[in-house]
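Input: structures, listed below.
You will see two complexes here that share subunit A, one where it goes with subunit B and one where it goes with subunit C.
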Partner chain A sequence: MSNVYHEHRYANGLQLLVEPMSWCRSAAFTFLVPAGVSREPATAPGCANLVASLLTRGAGSRDSRQLSNDLDNLGIQRHEATETIHTSFTAATLADNLEPCLTITRDIMRSPHLHADQLELCKASTLQELMAIEDDPGQKIFIELKRHSLPEPLGRPILGSAEGVQRMTPEMIVDFHRRCFRPNGAILGVAGNVDFERIRDIIGELFDDWKPIDEPPFSVAQRHGSRQHVPAEKLQTHIGLAFDSVSYSDADFYNAHGAVGVLSGGMSSRLWTEVREKRGLCYSVGASYHPLKDRGIILVYASSSSDRANETLEVIFAELERLLLGISDDEVHRLQAGLKSSLIMQEESTSARASVLARSWYHLGRVRPFDEIAREIEAMTPESILGYLERHPPGNFNILTLGPTPLEASA
Partner chain B sequence: MKFHHQTLSNGLQIVAECNPDALSAALGFFVRAGARDETPEISGVSHFLEHMAFKGTDKRTAEDVNREFDEIGAKYNAYTAVDQTVYHAAVLPEYLPRAMDLLAGLIRPTLRVDDFDVEKQVILEEIAMYADLPSWTAYECAMRRQFADHGIGNSVLGTVDSVGALTADAMRAYHTDRYGANNIFVAATGKIDWHQLVDLIEEHCADWSAGASERGCDRTHRRDSDEIICTDAYVQESIVLVSDAPAADAPLRMASELLASIIGDDSGSRFHWALEEPGRVDSVEFAYYAYEDVGAFLTSIGCQPDLAEENLDIIKAIFREVAERGVEPEEIDQAKHRLGARIVLAAERPQNRLQSLADHWTYRQRYASVEEDLALLEAVTIEQTKELLDRYSLSNHLAVWLGPLKGDATASAPSLS
Partner chain C sequence: MSNVYHEHRYANGLQLLVEPMSWCRSAAFTFLVPAGVSREPATAPGCANLVASLLTRGAGSRDSRQLSNDLDNLGIQRHEATETIHTSFTAATLADNLEPCLTITRDIMRSPHLHADQLELCKASTLQELMAIEDDPGQKIFIELKRHSLPEPLGRPILGSAEGVQRMTPEMIVDFHRRCFRPNGAILGVAGNVDFERIRDIIGELFDDWKPIDEPPFSVAQRHGSRQHVPAEKLQTHIGLAFDSVSYSDADFYNAHGAVGVLSGGMSSRLWTEVREKRGLCYSVGASYHPLKDRGIILVYASSSSDRANETLEVIFAELERLLLGISDDEVHRLQAGLKSSLIMQEESTSARASVLARSWYHLGRVRPFDEIAREIEAMTPESILGYLERHPPGNFNILTLGPTPLEASA
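Up next is the complex of A and B:
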């Protein structure tokens, strides 16, 4: 696997990463700007998401409808999303249409109209989304678990709060865009049937005169364990559980992946086997690892009928405890096989590669080459994973349940 | 890209689109068995059987199946639809023989009673999980009423009662009927050696018996009346509208795909500008569902209850407008650009391409390359959309309401706090 990428940093701090994939017909990009929910003023919850929604509702010389028509006529599949740290704008299309798409993207990032009347429409839409979450317990439990387990400002809900959204003024929106949409701290990853020098020159023309702004101070508190119950008249009780892990750049990054893989990596993993296959306690159960720049967190989720949910939580606790007692060679071999095939299949998607380029750069200041990742996966052993678990044992949990009654099981 | 096709003597068909430049291979067993083939007594058996397929064969336990799939790093799963059950895996090319061995084993499971009893609990959990979701509940109700006397209206999950009462013997009988070799095809895409593929399938499937798996083809159906379900269990109002649409083999199929994009796509569609952009809904969709003998256009909305009636009026006005004045040429061009890019992007991954290959084979018994798919899309004319709208009136629809609204527009929105 070649997977050669090129990098270029412009004078204003904008970072470009390009991975040519000559065998593809498409091209894709991921554009990250440091405008996620964690950058919101505490007085304006929901403002990052409202700005992201407004980006494509008129920018530069185009109004909302012209912008949408022009992007659609280029066959661009696009998505703007608010995340914890960043706001991302991603797009994929036929490689020939990439250049006109980048030209429009310049306006979307740098000169969105952010009109007051459009803001009112986005507010109405967001209020409906907030309401819909109440009818989707599987989604609500993750939002609440994140809020309870990640300290301020990392745990903030993406949509903010209904109160915050209702209070939002056009001035707050314009101010957030002015402070957070800046070239220093922005990363653009491009992958597909493209030529690096050509992309570098085009991006230079479009973004060279974007003025950098000083990075505002950013600090995060420590996490504390907690236990909470959200009453809800549903058939099932949803269980969420969180505990600390390591950051993206930590030497234990792959071992943390390994530990979560033993728990939840495939259908032969421990949680799936013990909770679902042997006991039939749930339809969905799983664990996931979320590495951030300075820390990481592992989330465990399951939903069971309310009369059986306590047993589900007991089995989850037992499995977390058993993890420290030993891991077999076979379990690690299966993990390695799964990670290796994911790594290779990623090369079949320009969107997946563009995302990896931008996100690796944010976390590491470089992109891990294919061979290095393959080596790291190969180097994983039961001992290395257990070593990680001894350094970072599951504990000090945030436990959140949502359903008719609280659960009794404890670690 | 090269297409191959062969039928074994027991009736099992094999289709493959081989791409020597791909990095992975995708495989699927497509069984012509689904909820539409069930009687009310065994409602949910197709889906339950799909779960039981992973419980092993005479030579493998359930744990063996999961372990062996994970050993080869396979991305694998299965799903049950109203008209077919699909078992699929994407693997690195060197693991094709082991993936085939495992997938073929899923189609001939042992169906042990102990496993059956535990898995029944998992299915009941799945039913409970979906019952907590209003959009799903409204969708199932709408399909049941639209296809009141037709199998397409059957529930895939079944009910707590039907699944609760199901026996392993009834499942075995169903399996014998529906999982005959002549009722199955294998599709493969990506880095596939055609001769190796055929040899592997011969090795694992040549001794499978054919079944007596007839399925009635019924191009007509009866529709029940609208339904309004008032409940405080949800804060949102969910509305589903269903009207008739061309079947999957109809010449107007591509025009229907295009119309669905013009009316309801995520961006640039009539619904987007009238409902999403002004923030009138949480979600709105317009989808075209096509089966071998019937089809349906489905509109689904989730919104705050006090806006539901107004929103429905807006939708009805859009339906009337396209019926009277048709769609604009610019709308057709734009939808072609959207769908064309989608076809090309999906084709870059064998696991996505598999679905497209299999859809053509399931419903039209033919192969279409990416270029042919694009040409079919390009060939749709404004006259065809006119004919489509004349023959399949969107205004002649069934409606299902689910939520707190009590049947009048004066109901107030629940508090968000």
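Up next is the complex of A and C:
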């Protein structure tokens, strides 16, 4: 078992990455197209997600019904997701079914029908999804925290807004598709029981006539600290907290992972131990690191009954402060064990590898080899993580609470 | 790549199943112990889950902190879950770390400390978890639907009740552990880069002195239809519906999967098409088949804004009725493609295989070989699925709604 990848860039800018995994019978791909919410016109929030929903409702020679039938006939486990930067298409199936799946994917990307009557149906089910989020505080807090902690256009909610969705016209949909579904900036990662040359030739044939379109880069403002409370008649208060970290390509990438791991990686981590195990304040508590291309952000989340939420937030602040006071060798060893184990698991899954290929390429213009990642994990020390924390100390927080009453605790 | 498993039953009744997957670097296990909620005394709802939470808070020579540290040091991705019949322990890590992980697991199972002060902390975080469920209608409807559709003791909520948790004493905890953590009825499935003889000998040494305990089988009443509404000030009405199906060992097992697949397997399925794609009534809609040892149940779920919820339920009833009127060859082909594809994916994951080994053994006393499953999937026809539906027509429903007002639609 060894993970070696091949790469090819087509004349129109489309980037292909292929990792043959000959011991598997499955194959998977992740196709990233630069059509995320950050590319929406400010006047059309929700546009990217509606386009993604419409793509499979008729494309090329197939109407909506035929398209669904043909995709299901190939036994494809697939998903379209609107993200901040990209719209992603992921699929996994038997390796033998990969080629017909890619052929249909070509139609979905390049010649979706985007019919007005289908748009109305997509709008209706998106409005239902927006209502479901309003009823689910655990989802809503993350969407609102993203909006508060990432400046325009990075913080936009994936579904847009009910008003935006209601106002959407077929023209806005067609325009977004024409502008954002382009080969320059698109990345296709394929992993599984496949042959590189064969995939390269097929993708070449399928996407050869896709014309690049210039798209100006967007600029993003600085993040500003904030504190907001969303009143909601719930039993629990949901707490979200965000602060700056580093980008995917930063030399401190692994140290940022390390700092978040000390806080929240495994049951021996500090937040888990201090908030849940020692005090029983919460069931859910954790931190996560979200590297983007030009920045990174760390999110902390907890939910606790309203009488214990203030203490929960106090303990979180205390733990963020304590991070800078020192990290033990043992903590770093545990982190390293967890990261190495995750790395090996990922190496065994065609879907996970396809995703890593495409996403690493977007961030780095290359895919980090297994040995390099293993070396970087090995090189982590308490000092290297503390060095990162001194360069990027937790602070200037976005603090968001959702529940019956605002909290008083402060950093 | 081929999936061949080995089995061994120890003198005390513990059942071992091992599937070597030599092309992997990871190993995983699923350990089922007959300590699910169905084994709780009726006076101690929540007992099973509290015991599962306490197991990792000190065991053998390790206190809570040392235990967390040592498990994280092995890079283990692990999870304890209380289920209806079992408490399950799942873990995945590097194959090299499997043996020390099993050694610690022995202590967790056999000699947990179950300290009174740790119990109080577990009670506090469980009460938080119960509150989080009250705030999340999408979770709550499934818990309530299970309670209404599966008779005692199968329908019990995993977390018990707030009153039950508050009342729990250290004596009740110790008694449940002593009675239910026993080798007869326990099943360990291991898959990954492992050697069968070696695992067999290690498990033999670790669990040799575990004494079997007789436990009378429990009897379960018949299911009765019901209709209930839970008033809740939400934007959406959540709809849950349950009806009888067949057990895991039934000759109709694959046909039951097939019937649910026609309703809800993939984007061409009937519920997806009729409720979401054609009418835009919902974002979430689906059906799932839950085979148990002596019975099976099919659950249907949807959530829709309160003004469209009644139509949603009407369409669901109409689709259940239409199932009996006929199924096309094309629908069965699509189902078969999806099932075959899932089968291949599962075969490539050590965690998935470990789970299948243990759970198949519980239900069947054997593990269905890949070729047999592939043959059964191939053998499905519209007639075989219709035959199943005629023997077990959807009806005698448990209907549960949660939202602002009750619905009027009826079957």
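One rule holds in what follows: the second predicted complex is superposed on the first by the 409 of 411 C-alpha atoms of A that agree within 3 Å, B and C clash if a C-alpha of one lies under 4 Å from a C-alpha of the other, contacts with A are read in each partner's own complex, and residues count from 1 in each chain.
By definition in this document, contacts are C-beta pairs under 8 Å (C-beta built on N, C-alpha and C of every residue); 3 or more make two chains touch, one makes a residue touch a chain.
The shown structure was predicted, so the numbers you read here are calculated from the model rather than taken from an experiment.
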### Query
Which of the two partners, first being subunit B and second being subunit C, lies in contact with A:282: first, second, both, or neither?
both
### Message
According to the stated criteria, A:103 is in contact with first (subunit B), second (subunit C), both, or neither; which is it?
### Response
neither
### Message
Tell me the contact category for A:235 with respect to subunit B and subunit C: first, second, both or neither.
### Response
both
### Task
Considering only touches as defined above, state whether A:111 meets subunit B (first), subunit C (second), both or neither.
neither
#### Entry: First, second, both or neither for A:384, with subunit B first and subunit C second
neither
### Task
Scan A:26 for contacts with subunit B and subunit C and give back first, second, both or neither.
both
### Message
Applying the document's definition of touch, where does A:162 land relative to subunit B and subunit C: first, second, both, or neither?
### Response
first
### Task
Mind sorting out which residues of subunit A both subunit B and subunit C touch, each in its own complex?
23-26, 57, 64-65, 68-69, 71-77, 92-94, 97, 120-129, 131-132, 134-138, 233-236, 265-269, 273, 276-284, 303-305, 330, 333-334, 337-342, 344-345, 347-350
### Task
Provide the residue numbers of subunit B that touch subunit A in the complex, in ascending order.
21-24, 54, 62-63, 66-67, 69-75, 90-92, 118-122, 124-126, 128-129, 131-134, 233-236, 267-268, 272-273, 276-283, 302-304, 330, 333-334, 337-338, 340-342, 344-345, 348-351, 414, 416-417
### Query
For subunit A, which residues count as touching subunit B in their complex?
23-26, 57, 64-65, 68-69, 71-78, 92-94, 97, 120-132, 134-138, 162, 233-236, 265-269, 272-273, 276-284, 303-305, 330, 333-334, 336-342, 344-345, 347-351
### Task
Give every residue of subunit C touching subunit A within the complex, in rising order.
1, 23-26, 56-57, 64-65, 68-69, 71-77, 92-94, 97, 120-129, 131-132, 134-138, 233-236, 265-269, 273, 276-284, 303-305, 308, 330, 333-334, 337-342, 344-345, 347-350
